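You will see chain A twice below: alongside chain B first, and alongside chain C after that.
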Partner chain A sequence: MNPFFKNNDDFQTPQWAKGLSQEGKAAFLGIGLPTPKTEAWKYTKLRELETDDYEFAPLADKGAMPKEEFPFACAKIDFLNGQWVKTSNLPQGLTIKPLSEAFAQINQIADIQNYPFAALNSAYLEQGVFIEVAANRQIEMPLVLSYHTIPENRNLLENIRNVIILNTGSQLDLVEYYSYTGEVKSRYLVNQVNEITVKENAQLNHYKFQNEAYKANHIALHAVDVETAGTYKSFCLQKGANIARNETKVKLKGLQAKAQVDGAYVMNGWATLDTTTDIEHLFPQTTSSQLIKGVVGGDAKGVFQGKIHIAPNAVQTEGTQLHKALLLSDTAEIDVKPELEIFADDVKCSHGAASGELDEEQLFYMQSRGISREDAKKMLIDAYLEDVFARIENENLRAWFKDLKQNS
Partner chain B sequence: MTTPLLEIEELHARVGDKEIIKNFNLTINEGEIHAIMGPNGAGKSTLSYVLTGKPGYEVTSGSVRFKGKDLLSLSPEERAREGVFLIMQYPVEIPGVPTSAFLKQALNAQRKHLNLPELDNVSFIKLLREEGKKLGIDSDMLKRFVNVGFSGGEKKRLETLQMAILKPSFAILDEADSGLDIDALKVVADGVNSLRDEHRSMLVITHYQRLLNYIVPDFVHVFADGHIVKSGNKDLALELEEKGYAEFVKER
Partner chain C sequence: MSTKDQPQIIDESGDKYKYGFVTDIDADTAPMGLNAEIIKLISAKKQEPEWLLDWRLKAFEFWQTMTEPTWAKLSYDKIDYQSLYYYSAPKQKVAPKSLDEVDSELLKTYEKLGIPLKEQEALAGVVAVDAVFDSVSVATTYRAKLAEQGVIFCSISEAVREHPDLVKKYLGSVVPYTDNFFACLNSAVFTDGSFVYIPKGVRCPMELSTYFRINAKNTGQFERTLIIAEDDSYVSYLEGCTAPQRDENQLHAAIVEIVVLNNAEVKYSTVQNWYPGDKDGKGGVYNFVTKRAACRGANSKISWTQVETGSAVTWKYPSCVLQGDNSVGEFYSVAITNNHQQADTGTKMIHIGKNTTSKIISKGISAGFSNQTYRGLVRVSPKASGARNYSQCDSLLIGKNCGSHTVPYIENRNKGAVIEHEATTSKISDEQLFYCLQRGISEEDAVSLIVNGFCKEVMQHLPMEFAIEAAKLINISLEGSVG
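So, the complex of A and B:
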């Protein structure tokens, strides 16, 4: 039995989404929920999703949205239980519209035939926003998408689709921030798809902080097209949730298009945090670089699947990938699957993976100077993650992320 | 009037299955400098790790009292905060941890333990610069990661700087001269000597007599087969330099 179509009588597909929804439903029923035999999901087990009974988030009381304070000036879009409730401080050059006014842009980039959760997302299409940056506009302030969940003991399904377009020569810092209030044991599922287009010479810096309740699940797909000399840079910090996947699919679709896909995850308990990337170099002189670092304790499991594909004509390209994890306990686990598919000559491509433990010699050295073992561990973990945080260009955001890693 | 600072009695310790410290006895009074000399492999470094509480170094019997307290029941960090400090033979590199942040954390942990207010950034940096200057350590070096890319001499100077900042009541210098040329040795020795006073004691562990020309001990002990086999004054070091350790090493 498929849990996602059981209790859907109360779901009203909006008129504009009917065609897309039927398409999505057909695709989802065709592919089905991934099983342990599904190659793309072999390390991240979804058993717990199957037993859940999801209900669609009812319209939320806008007043319940907490006032999140961000320690930097920003434009902001608030989502409560998956629904767009407020927009504030929008600068010139940035257009925000409801999806109903931009449905022609949906499924232009995400491939619902090959991504079951994107198909599911299409089936229940309703929530999300369309974001567009005007040509040659450099938006100074970050745009924060703040997603908040108040589950109140229900198994909510939050189904969000955003379409983000950066026109020629534009630039934007986009921050996605996930939080919740209520029981830490709340179960809910965020299933999100972002369809992103970075046009010629444009640059999107995409940041994300995932800190869902520890029994909640979170599945996100960022489908990104980067055109000539455009740049897509991302950094995702994952800390929360029971099962979470942050998946990034980038197509470098023009000469000298660039991608940098970074991430860090810090986890304990029984969580499974999954980082999956797939970067297709389709044009010459394209470059990609990935640095993912994890710190895994308790009985938790970190998963990294990273693919670099270089098409036959994509000569003079460069793709690098590095995943490193620090295991803090004997029962912590990491599963890593790097894949290189290279069909062109004259390319530079590399991947690497390493895992290790905290160094007892270093810990003792610090303790022998009076630093407590716990503080010494914290300092070594910070040191371990330092290089990936150093790749965050925006200083305010870098400091903010370091703080989130520590304190939330 | 002498006050004992460190009292080691009938100490036995092992690493894995191997007993290395065997019936070791030594009392160090306040203000005294003791040197322990011995052949390589005799377990001199083991003694320094046992006293500082390194995991893997197991005390099987005996006692160590420090300022009257049972030292062996304390964690490594508690021993450090009580005033035990080890200048290591091979200081550990810690990539990603800036030297000044490391030192600040260490000093404030100690101050907290002593119920003193923690130092803020400004006062700490001032202290660090003053003490660093005496040892020829500039602020660039302090910005670098702990011991990473430091030469042998720089590492030992940093150890000495840590000692100057933490002001321990008891310092163990484990082969402090290894890897140092004579100029670097003098800088380290000057740094250590400037911290000598009537209350602070030191245990200088060394294979060679050379270091003892610069840090002159009150007592010299010969360490072999897990314990002290002979004690004397500083002249014993000269004698050892001349005759070697042969008479103390058991025939195999």
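So, the complex of A and C:
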């Protein structure tokens, strides 16, 4: 019996989601949970997911949501155990609705036939938000989606689905923030799908910080369509969870559409942190760039799978990708699969991947100047990650992320 | 297109592929199809010992449980393994005792292919050749000369009879029959190939070479090559292949196993020029090859150089298993696909020993409607401290309808390892072309000039005679790709 459908008696699909739910369940049972033989999941083993029995998060007490303080002015939507509980400080030009009022937009971008976890997410569609930025509105304040989990002793399954639309000429900074309270050994699974449309000349800057409990699992898919001259920029910092995958699939669907997909991961313990990207250049003069850096210690495993696809006739395109990882221990592991798939001739594409350890000479140099080995290591790691962080445009957010990297 | 135009096109591609002729020779052919009886028949024809037949049958049994892999970026019609002939040999009444007794038709064939089977008097720049025609080796030159130094160079069938201990010890030790679908098929039905043994401390006095030719219709060629380099030895080995021009696809599934012991070095060069099919993608050889070298000894070295211009479909990943400490693996590749050719090729570098180093230089050129994929693996095991890898994969696209793909896998389990991978894809820049045209060089010559420059890094690793042939091949392969 599939662990995800064992204890689903309590789950009540709302009326509006019934059709989508059935479709999702059929698709998920059809594809099944990925195995090590599934090429797209070759390096991230999900066997542990199967041994858990999942419970659906009951509507939690709204009062239990801790007041998360962000060091910058922001609009905020709070989620508790996957449920939307509160909205605060909404600026003009931003429309927020429950998904039930916008269900026609669901699965328009996410492909549930090829993404098993998007199918599972559809099967348990219940809540989520629909976010729309009005045309030509530049939203100054970042919008924070704060997801909090209080698992207690349960293996909660949280399925979150958001639909985000940026209309022509609009701009938004979106921040996703994940946290939990309770035992660090809490187990739960966050399974999230974001469906994002960036219309003509619009720009979305998408930031994410993932710091789940160290036995929890986190799987997220961001399916993004970028139209003519639109820009999608993202940065994801991953630190927590047992198995976590942040997957970004961008389709550049108009002339001069742009994507920048960056990420950093810092890990220890037993975790497997997976960053997967797939950028499809479908139109001429589209550009994309990716920079992902990781620091892997303990028995952890870092995974990077990045793909640049250039469709026939998508000429005068440019795609670059660089992944670098630092290994800190003898038992750490790094698996990388950067992929280029090119069907047009007038393109410039490149990818690079490198992995290595901290330079002993540099460490020695610093130690000989009175810096302790530990401090020297920290400084070198910071320096190693600096260039990814430098690509965060918003100064407040850049400082905040640097702080998160250090302290949480 | 009217039927009138048809022959003209065939002629055109015939010009390009000058090895497309068929030798009219009586052949001794096994019945069509594949079953245990056929395998027993092949084994009996080769007068093989029982252990080898048992091994073949085990492989066949295992093969029946396997499914053909589909992960490569290749699309081709399903191969019907029962409609092929698995054994075809030119008829000879008595086995030739010397080169003079080899069928003159065969000698003529090889002469036409530019492969001299006559041993020349002059010793400068000579190459010893093992010529394999369909399922059998027809001649091996310079054997006596090589034997003086203890080098064994003969067909694998002879090796099975004359050096059974060596064959038994090493056959299947690098590529076991369970390895993959095509290797398993080869283990069951392999017919001939070359065997090379370089004794301890010997530097092989001449280049060794094997020339493979598929002639008979609907015949699969399954050759198997085994090279053993004992401590402190060195050998440079060349391989070439051609096939007649036919409308049907022909299957070629080979295995090359190389064992390199302490301080030994093997250099393996291939110029693969199987019939690539015509302009519209009709016919051509399906080339599914498993090549692997095990650097078992400390300080051992293997260097693969390949120039891949032929075949309708290529599936080939010459690999290095770097077991010995300080062992070195190198892979230099130029792959050119034109018209409707497809190639999925690359390498595997498995670092097991300490301070092992590997280098991958891959240059891919796609033109016409062809598709090409570089697929490679670099794996550093936890014990391989100090391992070092550098990979560079460059692709050049000529024309709007071709594709070029890069799929490297990098798996690092050792913090002391340094791994670097770089890949770029681009087209011939207008500026480069303009520069050449301006100086009165025709467009076609300019393209070949630029392409040769692009491949230079790999070509310089080929032995002299091969390099010249390969450079010519590149030009021929790209004919008609511009304008």
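General observations
Rule of thumb we're sticking to: the second predicted complex is superposed on the first by the 408 of 408 C-alpha atoms of A that agree within 3 Å, B and C clash if a C-alpha of one lies under 4 Å from a C-alpha of the other, contacts with A are read in each partner's own complex, and residues count from 1 in each chain.
Methods note: a contact is a pair of C-beta atoms (placed from the backbone, for glycine too) under 8 Å apart; a residue touches a chain by one contact, two chains touch by 3 or more.
Small disclaimer: the values here were computed from a predicted structure and weren't measured.
Partners chain B and chain C, brought together by superposition on chain A, fit side by side with no clash. Looking at the shared chain after the overlay, A:S368 reaches chain B, while chain C stays out of its contact range. One of chain B and chain C touches more residues of chain A, and that partner is C. Of the two partner chains placed around the shared chain by superposition, neither chain B nor chain C is touched by A:E69. Of the two partner chains placed by superposition, only chain C is touched by A:E39; chain B is not. In the superposed model, A:A383 lies in contact with chain B only, and not with chain C.
Of the two partner chains placed around the shared chain by superposition, chain C is the only one that A:S355 touches, whereas chain B remains out of contact.
Geometry note, superposition on chain A: angle between chain B and chain C about the Cα centre of chain A is 80 degrees, to the nearest 10.
After overlaying the two complexes on the shared chain, residue contacts for A:T331 are found with chain C alone; chain B is out of touch.
In the superposition on chain A, contact of A:F343 is made with chain C only, not with chain B. In the superposition on chain A, A:E395 makes contact with neither chain B nor chain C. Across the superposed structures, the minimum distance from chain B to chain C, using CA atoms, reads 16 Å.
Once the two complexes are overlaid on chain A, none of the chain A residues touched by chain B in the first is touched by chain C in the second.
Interface residues of chain A, counted against chain C in their complex, comprise 39, 43, 312-313, 315, 325, 327-357. Those residues of chain A that touch chain B in the complex are listed here as 360-362, 364-373, 375, 379-380, 382-384, 386-387. Across the interface of their complex, chain A is touched by residues 52-55, 75-77, 79-81, 85-86, 88, 91-92, 94-97, 101-103, 105-107, 109-110, 113, 145, 162, 166 of chain B. Residues of chain C touching chain A in their complex: 71, 382, 395, 397-427.
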